[in-house]
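In what follows, chain A forms one complex with chain B and a second complex with chain C.
Right after this comes the complex of A and B.
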């Protein structure tokens, strides 16, 4: 389904990945492989994971995001998670989830600033 | 307590977790829950539906609207015929897992909802009922 797909756009040396609102498990699982593949091909240094559309971040989704951040790190890249909705932040915290200490930003603009200040 | 409606969603695979979430989101929104409570209810549903797929293979989610002395709420029941849970106290502990997961599912779900009931019998299955009341 088109509205369930993951869009990856490269801007300079940053990959911007937009997650759909309510992805199924297969789409969430595909995120990891797709991101790592594109990093290798594009030699990107940073990744922005835009979750501003995401309405539900359950433990499976959160674990996959945290693992992806770690894997990107092993390949020499940095990830910023951008745009978490207030309702998702509240729910995720009460559920007891962390994103493994990943860098976060209010929106994609600020995430881009963070990544460009690092280089 | 009056039962106004009762509906169910079959859970047989990963894909049905999405269907379950979408159904519950629509129900919670139609009952007038705010965005944060809708998110809590849907996230709790996702955890419970995934447990059904993960541990029992298949099951069913039933939902109904609750009305009691002017209060409005929603009740979700997830039932499976899986292996059952030997030690319920253990699975309600933070960090306990047999699936390599985070072990946050059940204790986390309990925190997101107002009421949480679990019944399980070895070899017969598990039934979890959760409720949330509109503020």
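Right after this comes the complex of A and C.
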């Protein structure tokens, strides 16, 4: 099931989500649902979306991520997108996709630094 | 260097077009065939006359340093001259002429001497052709015109080989320029510097962006100083490539600091409506470096304690 393929790990008050390599639309939608649920339950203050395994990023994914960032924000959390691959970054900018101005980090380590510096 | 002027189907078709354009038909081919035996009678005089001219000019004399060379090329010239009147002007003829042009271009004979030689041919051939047909001047005239047409076609082919050689050099240089990859240097932990030089066409921009992003991942950089002092002008496409690169860097959690924006570029960017309001800029690389270190919470201090 799409729901089960996403692993959400909580480290202190940060949620870490590792996206699989080629998520289908159902997986991406399920991501949004799951994240918001877990934030509510755990009162996490930050979300790190690790996309280091993602090879392609389409407009649906980009839009869903942008929405999720906003939703997390409304629930009092901050989101960092970590580990985007160079090839994905190039395609994203060429397609004119934005991630809703989400914060970005080179990798999960940096993302953790960013979130901890914000408290 | 091999110029790819083999007789491909398109070249062969082009050859027929060229002949049609100058009015070289089977009738001309027939006339030249008829002129053949006449040409044999004066070919040696013509070759001698041609080389007398070559040897009297310093620049062309240099190509014939010794007797052996002179003898060899005279023989080749003789064969060339006789081929003008052997009656077959198809692909084999075309290939032969292109090859000769290539050889001359490769030995460094400048076009003006090569083309000039055709003129000398004509000057030497004309009175001899007219003399041979003095009993029928109208025919003599037709004969000479046929010769004129084929020599003009040969001259065209010669020009083609020279142009092709020039174009080959240009595309070779373009390939080399593309291969000179833009340097992306780590000047401090977390700080990359890349001096952009020249214009950014799509291929180079792609290469630049990929290289920059890979280096950011490799060195875990947070700041990329992009210096555009060496970019003389910027068109819409280059500006767009630059902004795309800047956005892509941001997606990797790093930041671009733009330095060295010249007045002309500043004007162009504003006129093009390029929004760089969220890109930090500094007038010089030095100023950019200061800002980069500042962003990393680093400070440069003098040993005696002063900043």
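Points worth noting:
By our rule, the second predicted complex is superposed on the first by the 115 of 119 C-alpha atoms of A that agree within 3 Å, B and C clash if a C-alpha of one lies under 4 Å from a C-alpha of the other, contacts with A are read in each partner's own complex, and residues count from 1 in each chain.
The rule is simple: contacts are C-beta pairs under 8 Å (C-beta built on N, C-alpha and C of every residue); 3 or more make two chains touch, one makes a residue touch a chain.
All of these numbers come straight from a predicted model, not from anything done at the bench.
After alignment on the shared chain A, the placement of chain B and chain C results in a side-by-side fit free of clashes.
Of the two partner chains placed by superposition, A:71 touches none, neither chain B nor chain C.
Residue contacts after overlaying the shared chain place A:38 against neither chain B nor chain C.
Look at A:110: by the touch rule set out above, it reaches chain C but stays clear of chain B.
After overlaying the two complexes on the shared chain, residue contacts for A:84 are found with chain C alone; chain B is out of touch. Of the two partner chains placed around the shared chain by superposition, neither chain B nor chain C is touched by A:6.
When the two complexes are overlaid on their common chain A, residue A:94 makes contact with chain B and with chain C alike.
Between chain B and chain C in the chain A overlay, the least Cα distance found is 8 Å.
Touched by chain B in one complex and by chain C in the other are residues 86-88, 90, 92, 94 of chain A.
Considering their complex, residues 206, 209-210, 213-214, 216-217, 220, 222, 244-245, 247-254 of chain C touch chain A. Every residue of chain B that touches chain A in the complex is listed here, in rising order: 14-15, 17-18, 21-22, 25, 35-36, 38-40, 42-43, 46-47, 50, 94, 101-102, 104-105, 107-109, 111-112. Contact residues of chain A toward chain C in the complex are 81-82, 84, 86-90, 92-94, 99, 103-107, 110-111. Those residues of chain A that touch chain B in the complex are listed here as 22, 24-26, 55-60, 63, 85-88, 90-92, 94-97.
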